[in-house]
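What follows are several structures.
Two complexes are shown next, each including subunit A; its partner changes from subunit B in the first to subunit C in the second.
Let's look at the complex of A and B:
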C-alpha cells in the first residue's frame, strides 16, 4: 500500500510539473466542447435552388415565389437556360434545378396536366432525397391551389384520408446540441484517458527511466495501478468540467441521476485506460504508441455512433460496435442525460464494459514485463 | 545541394529503419478508407421501431407489412398498451413507435378519415426527422392506393433526376471526406514529432552545430514523408475506385496534383506544430486532439457548413480539409476541371506557403 502511495505521488508530480501537458489536458477539451456542438447540425435546410423558367407565365412566377418563400429553399438563380443552371450546380452554387418548360401554364389549364423537371445534386444522397421531398410537397401545395381556382371541391373528404401526427419525444425542439454535447464529452474523456495512459509508460521506456523501476521491488500490478489511477482521476475531473459546461452553456441538465453517469464513467475509464496500457506494453517508442492509439481511437470514435447512426452500418460494422467501449458510453450518456434512463435500464451496458475493463487490464498486467 | 541530399538520406534511414512505424503508416490509411468507406453513411436504414396496434385489422396489418418491407425499418417490438412506450424508449431499443388507434379501418372506411401517430426518439434529431418523413411517405402511398385510380384533373407531374449519384450511395459523399481526413491527420502527425523528437532525444544539437540552414533541415524532413504519402494516395485512390466503387470522373492528373498539394499542406502544418511544441507528447496531443475533431466537423462532409453560425463558417475557412474536400468532390465525382477549382487550389497553395514560412521562422537555432 505504501509503495502504491509513493508511486502515485511520483506520477501526480510528473503530471503537474509539465504545464504544457496540463494546459492541453484541460483547455483543449473545454474549447472543443464549447465550439464543436455549435457546428454539429445536419438538418437539411437552406437548399440552394436554381429555377429555369422557360414559360414566363403567371403560374411559373407564382410557383417560383412559393418556393423562394419556403424556409427550406434559397432561390439563387432565376434564368431561362438549363445549361446555365447546371453550371451553377457544378460550381456548387446551387443544389437543385427546377425546370419549368414552355407552355407549362397552357398545358396545365388546357390539357389538364403539365410536366416539371427537377435535377438534384446527389453527391450527398440524404440531402438530395430530402430536398426532392420538400420540393415535391411545395409543388403539390401549388397544384392544390391551382385546382381550387378551377374547380369546386366537395365539403367532406371525398376519399379516405389518413391523418399523420408526429411527436418528438425526449428532445421536442429537435435541438442538435442536446444530441451532440453528451457524445463529444465522451470522446474528450476517452481521448485524454487512452492517449495519456498509452504515452506515459512508453515515455519511460523511450527515455530509459523504466530501468530504475524495473530494478526496484515494485510489483507489476502496483506499477500498473500507479500509472492508472492518476489518469482515472483526471478523466473524472474532465467529465465533471464537461458536465458543468454543458449545464452552463447549453442548459443540459441530466434527466437521469448523476450517480448513474459517474458510476458508468468510473467503470468505463477503467476499460479505456486498460486499452491505453495494453498499447503501451506492445510498443517501444512514443511515436508507435501514438500511431496505434490514434488508429484504434479513430475507428472506435467514428464507428461509435456519435456522428452516424449505427443502425445504418453494414452488419460487420454493427458486430464490431458490440466490442467498442465508446459505443456503450455514448449510448449511456444519451440515455441517461436525455431520456432519464435509470441504472436498471443500462445494466447490460454496465456489465459489458466491466467485462472489457477486467479483460484489458488483466491482459496489460500479464503482458508487462519487468525485464528488458 | 549535396549537403541537402545527405540530409534527405538521413531522414529516409530514420523512417525506413523503424519497421513497426512504417508498417503502421502504410497499413493505417488503407484500413481506414476501407472501414469508413463502407461503414460510414448518414443514410438512415434498418431502424428499429415498435408497433402499437390497437386496432389489428386489415388496414393496419397492410401498413405494418409495408413498413416492414421497406429497407428503412425493422419492427422489433409489438406493444400492447400506451404505457409500455416510455420504458421501451428508455431501454434504448427503438427509435420510433407507430401507434394505430382503435377501429382504424372502420373509421377510415366510414368517415374517410383516420389518424396515425408517429412517436420518434428525438435524442438524435436527424434520425427522428428522417424516420418520420419516410414513414409518412409509406403511409401516404397506402392511402393513395386505397383511393380510386381516377386521375386528378389539372395535375402537375414532376420528373426527378439525381445528378452525379443516381443510386444515392453514401460513399460518394464520404469517400472524399475520409480522404481529406486521413491525408491530413497522417501527414500532420508524422511530421509533427519529427523535429521535437530530435530536441527531446538530444540529437538536435548535432544538427544545430552543422552548417546546414534551417530551411533545408525542414525541407529534408518533408521529403521522405511526402514520398510515403504519395504511396498512400495511390493506394487510397485504388481502393476508392475498385473496392468502394467511387468513380474518378475528372482528370486523374489534376486529382493527383491536388492530393499532393494537400499532403504538402498537411506536412507543413505538422512541421509548424513540431517547431512550437517542447515535447513529443505535446506535439502529439496538439496534432491529434487539435486536428481530429475540427477536421471531421469543419470540412463539411459530416455537417453542412451553411448550417453553422457565421463565426464558425468563417473559422471553417481556416481548415485546409474543407478546401480539399470541395476539390475532390468536384474533380472526382462531378468531373469538372481546373476552371471550377482554381480558387480552392490557390487557397491551399497560400496556406502551404504561410505554414512553411512560419515554421521556418519559428525554428529555433539555439538550444535553451
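Let's look at the complex of A and C:
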C-alpha cells in the first residue's frame, strides 16, 4: 500500500509539474467543446445557386425570388446563358444551376405543364444532394401556388392523399450541438485515458527511469496501478469539466442521471486505459506511441459514429464499430444525455465495455515485462 | 562463504535485422565479497549487457549467474531486494526534487531515508544543500551523487555501477572513487565498469573485456606483470614521422601513441637500443629520447587485443 501511495504521489507531482499536460487537460476540452461543435455542423446552408432565366416572365421571376428568399440558397448569378452559369460552377462559385427555359410561363399556362433543368456540382456530394432536395421542395411549393392561381381546387381531393406531420423526439429543435457535444466529450476522455497514459509509460522507457524502477522489488501490479489510477482520475476530471462546459455554453443538461454517466465512464476509462497500457508495451519511444495513437484515434473517430451515422455504413464497417469501445460510450452519452436512459437501458453497453476492459488489460499485463 | 557475484559461461546475443550480434560470449568470473571489482573495456565490449543480466533486467541465452548467492533467473526477487544498480545513463526523475527522488526510491525498497541516513550520509551530505532542487537542474557530478545515493538507499550488499565516471570531470572522478573506497570499507561488494584504463588501478581486481569476451582477470598489478616484453617510451620532435619510421622498422614489434610518447616493443627480447637510436638519428629525428618504462593497464589491453 505504501508503495502504491508513493507511486501515485510521484505521478501526480509529475503531472502537475508538466505545463504541457496541464494545458492539454484544461485547454483542450475548452477548445474542442466550444469550437468544434460550431464548426462540425451537418446542416447545409448557403448553397450558391446560379439561375439561368431564358424566359424572363413573371413566373420565372417569382420562382427566382422564392429561391433566393429561402435561407438555404444564395443567388450568385442571374443570367440567360447556360454556359455562363456552368463556368461559375467550374470556378466553384456556384453549387447548383437552375435553368428556366424560354416559354416556361406560356407552357405552364397553356399546356398545363412546363419543364425545368437542374445541374448539381457533385464534388461535395452532401451539398449537391441536399441542395437538390431543397430546390425540388421549393419548386413543388411554387407549383402548388401556381395551380391555386389557375384553378379552383375541389372541396375534397379527387384522390386520397396522405398528409404527414412529424415531431422530433429527444431533440425537438434538431439542435445539432445537442448531438455533437456529448460525442466530442467522449473523444476527449478517450484521448486522455488511452494516449496520455501510453505516452507517460513510454516516456519512462525512453528516458531510462523504468530501468531504475525495474531493479527495485516493486511488483508488476503496483507499477501498473500506479500508472492507471492517475489517468483514470484525470479522465473523470475532463469529463466533469466537459459536462460543465456543455451546461454553461450549450445548456445541455443530461436528461438521465449523472450517476449513470459517471458509472459508465468509470468502466469505460478502465477499458481505454488498458488500450493505452497495451500500446505502451509494444512501443519503445514516445514517437512510436504517438504515431500508433494517431492511427487508432482516427479509426475510433471515423468508425465511432461521432460524425457519420453507423447505420449508413457498409456492413463490414458496422461490424467493425462493434469492436470500437468509443462507439459504445458515444451511444451511451447520447442515450443518457438526450433520452434520459437509465442504467437498465445501457446494461448491454456496460457489459460489453467491461468485457473490453478485461480483455485489453489482461493482454497488456501479460505483455508487460519487467525484463527482456 | 560463496562469492558475491558469480557468472558461469554466460552467453547473450541480439538479433539485429539479419545479422546476429554476440554481445557476450562465454563470460565466466567471480567477485569475492567486499571486493572492488572493475570491468574494463571500450564501448561495445558488452559491459552494460553483463550488468543488465546480473541485475535481473535481462535474461542470458545460455549460462548461469548468481548474485549474493541467488540465481539471477529463478530468484530474481531476492536479488532485486539486495542489489543497487546505477545505470550508465542518468535515470532518475528529472522533474522531481533531490529529496523526492530519494524518498521515492527508499519507499520502493520498503525503507526510508531516516532509517539509512548513517549509511548514505557521506554522499548525501554533499547534495543535501540542494535537496529542494529538481534533479534535472543539478550539475553532472551532483546527478551522479544523487544516483549513487538512490542506489544505496536500501543498504545493498552488492552495488553495480555502469560507467559511473563517464562524462564526469577529473576532480569529480577522483572524489567518486574515494567514495567507492569508503563504501567498500563498509563491506559492500562493488562491481564497476569503466572505459578509462587509468581507473583500473583503483580496483582490487579487474576483468579486461573486448568484443563480448573477457581477455584476462587479475589484480591490476598482476595484469601489468604479465606483460611479456620490455616496454620503451620514445619521444622526438616529429612524432608522426617517428611512428611511421618505427612501424616500418622490422625490429619493432608494436608502436602505439600514448599521450606525448610512443610506446614500443621489439621483436627481439634483448634488442639493443643504441642501434635503434642510431637508425632514427640517421633518418633525421631530432630531440630523440628513449627510456624503459613499466607497462600500464592500457599497454596490456593493447597487447591482449592483438593476440
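The criterion applied here is as follows: the second predicted complex is superposed on the first by the 370 of 372 C-alpha atoms of A that agree within 3 Å, B and C clash if a C-alpha of one lies under 4 Å from a C-alpha of the other, contacts with A are read in each partner's own complex, and residues count from 1 in each chain.
We take it that a residue touches a chain if its C-beta (ideal position, glycine included) is under 8 Å from a C-beta of that chain, and two chains touch if they have at least 3 such contacts.
Given the structure is predicted, the values throughout are model-derived calculations rather than measurements.
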Overlay on subunit A: subunit C relative to subunit B, clash or fit: fit
Partner chain in contact with A:217 - subunit B first, subunit C second, else both or neither: second
Comparison of subunit B and subunit C by subunit A residues contacted: B
Which of subunit B and subunit C A:354 touches, first, second, both or neither: neither
Which of subunit B and subunit C A:345 touches, first, second, both or neither: first
Partner chain in contact with A:208 - subunit B first, subunit C second, else both or neither: second
Which of subunit B and subunit C A:54 touches, first, second, both or neither: neither
Touched partner set for A:3, first subunit B, second subunit C, both or neither: second
Which superposed partner A:79 touches (first subunit B, second subunit C, both, neither): neither
Overlay on chain A, subunit C to subunit B nearest C-alpha distance, Å: 10
Doubly contacted subunit A residues - partners subunit C and subunit B: 18
Contacting residues of subunit A [partner subunit B, same complex]: 18, 20-21, 24-25, 28-29, 32, 35-36, 38-46, 89-92, 108-109, 112-130, 132-133, 135-136, 139-140, 142-143, 146-147, 150-151, 156-172, 174-176, 178-179, 184, 187, 191, 195-196, 199, 203, 283-288, 290-292, 294-295, 298-299, 302-303, 307-309, 311-314, 317, 331, 334-335, 338-342, 345
In the complex, subunit B residues that touch subunit A: 18, 20-21, 24-25, 28, 31-32, 35-36, 38-48, 74, 89-92, 95, 108-109, 111-130, 132-133, 135-137, 139-140, 142-143, 146-148, 152-166, 168-170, 172-173, 185, 189, 193, 197, 277-282, 284-286, 288-290, 292-294, 296-298, 302-304, 306-309, 312, 315-316, 326, 329-330, 333-334, 336, 340
Residue ranges of subunit C touching subunit A (in the complex, touch as defined): 55-59, 76-77, 80-81, 83, 85, 87, 89-96, 100, 103-105, 107-110, 150
Of all residues in subunit A, those that touch subunit C in their complex: 2-3, 6, 10, 13-14, 17-18, 207-209, 211-218, 370-372
